[in-house]
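Presented below are the structures under discussion, each in the form of structure tokens.
Paired with chain B in one complex and with chain C in the other, chain A is shared by the two complexes that follow.
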Partner chain A sequence: MRRHALPLVLIAPAALLVGAGAIYPIAFVVWLSGYDYQPYRAGMMVRVGAENLLRVVDDGTFWHALQVSAIWVAGSVIPQFLLGLGMALVLNESFRGRGLVRTVILAPWAVSGVVTGIIWLWIFDGTIGVLNDLLLRAGAIEFPVPWGIHEETTWLMVLLANAWRGAPFFAIVLLAALQSIEPELYEAAQLDGASALRRFRHVTLPLILDAVVVSTLLRALWTFNFIDLILTMTRGGPVDATKTLPIYIFDVAYQRGEFGYAAALSVALCLVLAAFSLVWWQIRRLGGR
Partner chain B sequence: MTPTSALAGRRSGGVPPRRRPAGRLRPGRVLAIWLPVGLFLAFTLLPIYWLVVSSLKGPVELFAFPISYWPERPTLANYVRALTETRLVQLYLNSLIAAGGTCLALVALMIIGGYAMARFDFPGRSLVLALFLAAQLLPPVVMLVPVFSMFAALGLLNTRGALVVIYVVTLLPFSVMTMRSFYAAIPVELEEAAMIDGCTRLGALFRVLLPVALPGLVATTIYGFINSWNELLFAVMLVQSPRLQTIPVGLMSMTDEARTEYGMMLAIAVLALAPSLLLFGVIQRWLTAGLSAGAVKG
Partner chain C sequence: MSRGTTRRTLLAAGAGALALAATPRAQSAPARITFAWPFAGGERGMQILVNRFNEGQRAIQVEMQVVPQVQAIPRLTTAFTGGAGPDCLAMSDAWLSQFAGGGWLENLDPLLAGTSIEQDIVPGSMQIARMLGGRAFYVGYMVEAYSLYYNRRLFQEAGLAEPPATIEAFRDAAIRLTDARRNRYGYYVLGGTGWQFQQWSTWMLNHGGTGVDRTIFDAEGRCVLAGARHVEGLEKWVALYQRDRVSPLASATGTFQDQTNAFAAGQVAMVMGWGIGLSTLAEAVGEDNLGVAAMPAGPAGQYFYHAGNGFSLNAASRQKDAAWEFLRWLLRRENMEFWNREFGAIPANMTVWEAEWLRAPKYRAPMAMIRATDQLLRHPRHLPGYASFQAQFAPEQIQRTLLGRQTAAQHAQAIANALNELRARAG
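Showing the complex of A and B:
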């Protein structure tokens, strides 16, 4: 009995805090999604049952936000993964000054979304941004481009900023995976006359595949929920072009104060993420055969 | 953008040179290592360089066209104005209190919680593991409404404690599990020897185990500091009185202000960036060495 008492006492504070602060909200969200609740206005809770969820299905902005989220996630994770893989492969080689180079290349991981947004807003400034200046000097454009006004150029701006900040995440994870590969495997492959590309395809890739699958899934989920950068750079604009689902929920809760409907949208968000994760794992299981 | 094209260029970049006897700088090595390294460094550093250089320009030079790539007359005017004319000091202090308070609570909870998870098999252990995993996968935006309502009921809205509580809750699962792995890497014999010498179990934890796990504790704490220093969503939602707001919230609201204030905004961005980058330099080695894929957040 005493043997079991100590660990329970030691873990209890953390477990209770996490339980109360993270798991209870899920139950609350599911419960609240059945109500109309706008605390800033009347503050009356009116039971509406499934009406809120039906409203989500009918909500054009919800479906639009879902499409925007898909662009945001795919446009973020794919280039970040490729960049991060490149970084990890280079950092896995031994060369003079590698420690310092590694610290510098990985540093944007620690930069906040807000500061990243400000840095890239300034680079992409529509009149005196450094990017416009470089392109003007190179003769690629005749007039400064107002990047933040058009939908396509806004995406370019936001996704590039996100790639800058997000590539180090993949570099960190993939570098750890690369460093766990036995060097003897490469020596053996080299002795067999395998080219660098074939060594990557047949030795490196299979051995880091698990890290790739897990990290891309986690990164996709995390990116889906990451709103700091878009909020700083575009506020979801121009005209909702970059309004992802979490930003829409944030608007509904924070700007409009419709807590009940925000809860219903949150339930929908959780279902979408769960479905996405399931599909991803199925693909992994089929591909792993 | 550039580094991807670098990789493409590496593949298609002409015929690879014939293998030569070991030279100092073989062209193949320049192409395979130093060229991508240079491009990655440029991609990482140039945006930060541009932020810092721009923050050192006076109002006239900042908006002059064509722009100068090096400040002709570097000045700290933006920093001075940010310190004297804005609520920067207040914002900075609020962020320090939120992040510092979070770290203090985290340290206390993960020292004992990680120990329980590393050294004991107790009923409910797998339940705690599942709880921590689920909590880490929970989207912050989903927590927004319930946490707001809960904090309103508890009278925590617009208090200094609000951010500390929510940051501790969101960072605890990661911190405890990371601390667990640091303990787990230490041989049990170390504590057993101490306990044979008359230490109690907790005495052995604090006198023997913890000193060995200290680097891990420091790194995990710094990780928590960086994350709470940078956090935006809960800071916007839970603390709406300007007197208590944190740096990210203040910075974001500055992007709406007049362009004449841009110099100040860039200076504040530099000051917000500095602690995160410095602390990252401290824990960088640990991040790449020991962190499993599932553990790192964005």
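Showing the complex of A and C:
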């Protein structure tokens, strides 16, 4: 009996922490989504059951924000991954000053989302921005370009800023994976006459696939929920072109004061992310792992 | 030391401890209260006042907690809903409907009744304080009027002697001040977040007039902003951007901070904003170079937005008496003069208004606007959801209009519908 109890005792603190820190808040949000809870209206709380979730289905802003979030995630993660992979491949090679280059390349990851937003906003500012100033001085443009009023250029601004900040994350993770590959495997492939591209395709890629799947999944989830950069740079504009789901939920909760409906939107967001994670995880199987 | 002496000493110490424990708590331990400061500016002056209060007496000790302004609503909401929160706090009038609506702020009327505090506070400030159900949920410490700020040097260079007093004169001045080839513009048509609603709705209201009691609703409770004259006013404001091109193109989505940056860089000659500009813009372009004027008049009159900040008590505080004692001390004339002078704001306490420093030219126009009680607009800040209307809905609509995706009439109708819906939901 005592032998059976010991493992339970040992995992109890961790289980308690997970329960209090993760399961309870999620359960609370699910529970709250069944209420029309408006704390700014004298704490009004009325049980509405699934009404809030049904309202989500009919909410055009939700679907628009979901679409914007998909663009935001895909537009962020793909270039960040490619840049990060390139950086990792370079940093995996031996060259003079590699330590310094590694430190410099990884620095943006340490910068907060708000600071990143302000830096890039000032670069792209349509009136006093550095980029416009350089282009004007070079004679490339006659008048400052209002980057923030067109959807396409606004996306360029925010995705570039996010790529600058996010690529080092992939570089760190993929570099660690690359360094775990035995050099003998490359030597054997080279002896078999495999080209650099084939070595990458048949040796490198399968062996870093786990790291690729996990890192892209994590980064996609973080990016989906990442509110600081867009809030700092565009506030969801122009009009509602960059209004992601977390920005919409923040508005519904803290500005409209509809916490119950915001909880329902969060549950929907959670379901979308869970479905995405499940699909993404299947890629590991496709890789034969 | 003998055994007997030790025993006596221990007994004496024990008796002393018991005597101390029996002494009333107020005499031995001070009441400790928390005071939240949820603003980006003015922290230094307020901390000095808190320190002075703490050093001046021992009965109440105040701990000042600075809350980052951008996190004020989420953090204070979380604290209040959890039954916690600071004992007292500084408040923006923009948050009153949320926090007082939640039942988290103490009704200060019974406390004010026994004092002469209200007699010294400018009526406009008390009107804001009582926006919800006629009960005072804060006591104002500063007031502000939405004003027109201009760069005197750029005005002189353009041969303009005075700030524009009417909407037509405003357009003429903005055109004269604009030289797009030099990246110089007359005005910043604010389209992003940061109180742009006050700019374009002033054009609408000064063209079409206000509703009942200087509100934006008529006697039947319908929003007046969709009226033909109001639409005409909006068209004139939008034309400044689309036709006259007196504003940087980027301003259609620019924020209050972008507007401030452009003004500070000397690229824009006129901007509009709240009282914070009295200090930040003066610092940016120089005290003597900053001009401040009333918002321009239209055919239907000249109306102004006013606002302010105040002090509130947490309704769930266990130290209400001590917290109110502290707030009463803060509201003393000398303390209000100190903080407002330090920050460059207009005190809500009118007895300070004769002070020498408030005679500086930059204070004249905003003080005149605040005094003009029959021209002060009463916009529906008390409606639940109005914060979202201002922060999300209004910027999206005006951006749509400025970027040519809807007409001024469609814009006005959308705004009126949204406000009618907010009013209907409030019941």
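Convention: the second predicted complex is superposed on the first by the 260 of 289 C-alpha atoms of A that agree within 3 Å, B and C clash if a C-alpha of one lies under 4 Å from a C-alpha of the other, contacts with A are read in each partner's own complex, and residues count from 1 in each chain.
Just so it is clear, a contact is a pair of C-beta atoms (placed from the backbone, for glycine too) under 8 Å apart; a residue touches a chain by one contact, two chains touch by 3 or more.
Keep in mind that what you see is a predicted model, and the values were worked out from it rather than measured.
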Three-chain arrangement built on chain A, chain B and chain C clash or fit
clash
First (chain B), second (chain C), both or neither: which does A:128 touch?
both
Which of chain B and chain C A:36 touches, first, second, both or neither
neither
Contacts of A:28 with chain B and chain C, given as first, second, both or neither
first
Examine A:119 and indicate which partner it touches, taking first as chain B and second as chain C; both and neither are also allowed.
first
Look at A:237 in the shared chain and tell me whether it touches chain B only, chain C only, both, or neither; answer first, second, both or neither.
second
Touched partner set for A:105, first chain B, second chain C, both or neither
first
I'd like to know which partner A:255 touches here: chain B for first, chain C for second, both or neither.
second
Please tell me which partner, chain B or chain C, touches more residues of chain A.
B
Chain A residues contacting chain B in one complex and chain C in the other 39, 127-128, 254
Residues of chain A that touch chain B when the two form their complex
4, 6-8, 10-11, 13-15, 17-26, 28-29, 32, 39, 79, 82-83, 86-87, 90, 93, 95, 99, 101-115, 117-123, 127-128, 130, 133, 136-137, 160, 164-166, 169, 172-173, 175-177, 179, 211, 214-215, 218-219, 221-228, 231-232, 246, 249-250, 253-254, 259, 262-263, 266, 269-270, 273
Of all residues in chain C, those that touch chain A in their complex:
73-74, 77, 80-81, 97-99, 101-103, 180, 183, 192-193, 248-255, 258, 261-262, 265, 267-268, 384-385, 387-388, 391-392, 395-396, 399-400, 403, 405
Would you mind writing out the residues of chain A in touch with chain C in their complex?
38-43, 125-128, 143-144, 146-149, 154, 234-240, 251-252, 254-257
Can you name the residues of chain B that touch chain A in the complex?
1, 3-4, 6-7, 32-34, 36-37, 40-41, 43-45, 47-48, 50-51, 54, 63-67, 69, 109-110, 112-113, 115-117, 119-120, 122-125, 128, 131-132, 134-135, 137-150, 152, 165-166, 168-170, 172-173, 176, 201, 226, 229-230, 232-233, 236-237, 248, 251-252, 255, 262, 265-266, 269, 272-273, 276-277, 279-281, 284-285, 287-294, 296-298
